[in-house]
């Protein structure tokens, strides 16, 4: 199997939707005037992730990227659509099967400190997956597994860290431990939801570096979720740009950033500040205005038309454009990309 | 250019049960009229403390130990609270606090909060006041209906704009902006930055722009002040730190190398090992020495002074002093 | 928006009240029916004394016929659930029947009027006490929050803890023992002197009677409110918007009494009123000690005289008032909190 | 390792707790109370106060409504204090014609200004044993107070009271000193024998009481004719004074202090049991409701609202009035209402916890609900609930007292509320019998204070900034 690495599709997501019916308290539903609006967090998303690939999911807050991550993690079940892992349909899984799935797909969270029970020592944090998945072994055997995982994330010597509590570690170390925890089960894929956004800039690269090394060592596949295009370019192989629950552009990271086709991607790229001199007196050209609409109230037609500087009446009257391939695996969902 | 704000040998410590946290430890700098000074550093390096200290309201249990803060030539530290409130804060210097979304009283409408502030400082009838407020709301790109809204009805970006409008409408000379875009998405961030630039040129403001994001600082700051562990590591013009000359202090240098670039693919970003020091008991010598990749023996024993290397570019590093 | 909220809250309150009454009716079914049957027997006995010259067989027939018709009239022949539903409806429509022994001040034995006339008396005493308690408690709590850890804060907290578990009725006993029987300054109880004076004296007489119970309620009452106020206000004072308001040059008392108090108002009202509703419990016994002829005192009388209909009606009314208090509390909360009043995301 | 973690957590808690003076005081009082409960059988002055509280015979030798003994310290006229004279000097001598004469001598030192109300001799007698009771007074005189004979006793108690049986003999004694004039207006029926016994022997004897202080000897002579089959055992005297015990007696002659001591364990039991069960139920309820959310939460919240819309005390009173319940039933009813107390706090905390990333991380690792609730959520919520546990103890105690105050308590036990009920019924307020009213209520208040001290101290440590709503 592993020989065809690079081409083999590890995860396939087909037209996945996740709609939330908000469960409101009395006061909230009254405040909403009795209307219950469906929140279309993820609204028909398809993509493939190949084995050994780092796939970036980019979007603003409210774009549904975190929901997508949870769907892949199977923390929530989709409203519609299908999901295949290693060719197997994993959309709906029985209890046991979902537990097996969890050994294959693991998650790293945004805030490493919050992702560990503050009352657990590092050893307990790392033993947790072994207990949950009933991986038998004496205390020494388990400690050996923990130590191996800690060495993998360059926390050496491991024994020194095992008896500590999370609050005794630095932010970078915590994220290493969080990564080690996922590695213990020998996963095939890691979902990383903004793994470095809470970490100080000075150590951010350290973590990304470590994650890359682990990926190479263990032949891992990443789904990297972020709002930060710069780290995405540094870290990922391919990028999908999400807007209001949909992918508007997808392709190789370099293609997307050097040659964006969708006006939203362009806006995102233009908005990113860069550490270069000579920009202080320039007011940036921002092609788009306003803020992202509520996922409970998605515009008809192309969902970006309300903010798009190039929008024509057809953008709102015609049905929503599907992703279109312009070659080289670069897909976009804009009807008028040639004109702009 | 005249300096509108001058900080001299300021020390401000937080007195906790475990000891004094030396959050601002002997800092001096100037802010010239119409200039934006960027204040950068890792979390916990004293950036926000600097902001509130200049506003003359250090957060409890913080206390000024020594030093002076001249605003418009007037030392504000010994001034009575009442005078500061009447004639300094918001009159001459205003601040946009970190987490602006939490800076609006949830039970008052936007209009009421702004009106209240206005009435505290200006003799003005309601009609004039409302006109002024709606003028400023429009200036930050908000419709004047926002006045009748409660904070919870607005999005994060809108609240940020309200807070900026409130900081500006008394026409202060200096505005301190503490991470004004941190919680916002990139596009909204860019919108706010554009807005700030426009306002600055319209009203001839001076900004102190606090952030941890060096890339963002490059777009706004005329001069950059890099803080490390309660001290200034480097202070210099934008053109020289981001330009060809580059940073002088190893800390700034590393920070810049750690910032990922959008338009340039790099294979390896660098990082600074270790964590910022405990400010109750900072390391001897240069405070950065335990993490510095260019450390020398002298750095471990003697504290480097802040010296001018070239015009307007000062650094506190033994390597640069020779 | 607010109308919607209010309407729904009231409807919900009524529904909950109906459920509670249903549960209580089911719980006390046996005893209510036993009482009702004995009242039927009594009525038959009363009727037959008016009938003269009846043969024993006729008398028996009359009794049987009346009994059957009365049992039918009181729906005692229906299935269990139905009986409880009917009783629930009776209570909800304030149809409590007749008392066993207790009479109202006008001599009626109608339970509704017996209980009804006590309500205003309880309300007078407790609403005055509540108003004073809330005012004092909030004032003191604010003062505490201004200097947390200060002398006032520490003393007040200490007293709050000391009186935390002190039964108000016990304090009432002591106060009566001292002020009434030792110093002979105040009347031992009741709401009026006998004979009741008229005119301005009527009012003064009532004040004279209300002073001691009021004093007792207040002495113990406001500590809890002040403690809660302190904590809520202290929490709000740490919020960023308070710092921001201060920075904008808003004077301290406007920050405290404006921004802080206005934000604290919804939870404060909730806590204060909830505390008062909680004290209704103690009040029941309290009224008995002072012979204050309110709802609480009626429990004493009903318990002593074993008057089940009055006892149950008193309970139904107390629960109803409590429920009304809870509804009122949410309505006030909604009114004070713009997130509910105006709507929008929470 | 678990135990080590626990002890570490406890040690951490203790370092914080030690800083709270009031918390330490609370803990101190609680420890003392528990010790008192443990050693109650030893401390209790009236051994059977628990079981015989409502048995009039048990208390018959006391005087009714006697103030505490220590009030003598502040009184101008010292009252005689109720004393039990035991282990007398016992001399047995052979009688002419067989049998034995048992002479029991009880020394009694009388120092008060007011005479005791009565002198009561008690013993257990088997067979036919006539007894005579004499008193040797410090002035050298002696009076034969009473002769008492009951036939055919088989290990039964006899009770000889001077007040009843010595009227004639004391009258005879008085006669020696009084003029005929005064005598003519007197009869043996109006005399108070105990007064005579302790009075100075002079012409003013029948008038105002003048104490003859000094050492008295109460001598009982028992004639045991049939030494094989009859006997006298466990003899003792009760000097029934008008001041009594640590906290006096009530109108039914009961020793208030004994009652209060017996009530302590019930107060603690009621308070701790009610709050502990309720808090456990409430915590589990709150966590379940928050964790599962959705419909489960809605239904559970509605049930919660219904229950918390009922005022506890009125319902409790009516239930008690109608069902005349035992103490266990009362505790149960209280639990039925009390659990709601911690639900909202726990629920809102659990809702926050549920959103914590580490809970999500645990789910992502494949944890099942049970593991998440019990391993991750409960250990954090349980300590927080200790504070609410402590803080709801006083309410439970006060509620039970209130029900008892209305005379609706469990009649098989002694509680402080019941003592207060008896005080109310006995007109203690009207008559200013403060020792009957102040101590029981004060104890309720002190218990409340103790748990408030503990609860507030814990609250401060465990919820630095926790608010509901």
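By written order: A, B, C and D. Residues from 1 in each chain.
By our rule, contacts are C-beta pairs under 8 Å (C-beta built on N, C-alpha and C of every residue); 3 or more make two chains touch, one makes a residue touch a chain.
On a predicted model such as this, the values are computed, not experimentally measured, just so you know.
*Asks:* Over the chains that touch one another, what is the least number of steps taking chain B to chain D?
*Replies:* 2
*Asks:* Between A-D and C-D, which chain pair is linked by the larger number of C-beta contacts?
*Replies:* C-D
*Asks:* Comparing chain centres built from Cα atoms against the global Cα centre, which chain wins on proximity?
*Replies:* Of the chains present, the most centrally placed is C.
*Asks:* From the centre of chain A, which chain's CA centre is farthest?
*Replies:* Centre of mass proxy via C-alpha means gives D as farthest from chain A.
*Asks:* Per the centroid of Cα atoms for each chain, what is the distance between chain A and chain D, given in Å?
*Replies:* Taking the average C-alpha coordinate of chain A and of chain D, the gap between them is 68 Å.
*Asks:* So, what's the distance in Å between the C-alpha centres of chain B and chain A?
*Replies:* Centres of chain A and chain B (C-alpha means) sit 32 Å apart.
*Asks:* Centroid of chain B to centroid of chain C, CA atoms only: how many Å?
*Replies:* Those two chain centres are 57 Å apart.
*Asks:* On chain A, where are the residues touching two or more other chains?
*Replies:* Within chain A, no residue contacts more than one other chain.
*Asks:* Of all residues in chain B, which touch chain C in the complex?
*Replies:* My answer: residues 55, 57, 59, 85-86, 89-91, 94-95, 97, 99, 102-109, 113, 116-117, 120-121, 150, 152-153, 163, 166.
*Asks:* Quick check on the complex: what are the chain A residues that touch chain B?
*Replies:* Within the complex, chain A touches chain B at residues 60-61, 170-171, 200-206, 208-209, 227-231, 233-234, 254, 257-258, 267-281, 283-284, 286, 288-289, 291-292.
*Asks:* Would you mind writing out the residues of chain C in touch with chain B in their complex?
*Replies:* Listed in rising order, the residues are 239-251, 254, 258-259, 262-263, 265, 336-339, 342, 344-346.
*Asks:* Could you please specify the touching residues of chain D with respect to chain A in the complex?
*Replies:* Residues 5, 9, 293-294, 356-358, 360-368, 371, 376, 379-380.
*Asks:* Touching residues of chain B toward chain A in the complex: what are they?
*Replies:* Against chain A, chain B makes touches at 36, 42-43, 155, 157-158, 185-191, 193-194, 197-198, 212-222, 238-239, 241-243, 254-256, 258-263, 265-266, 268-275.
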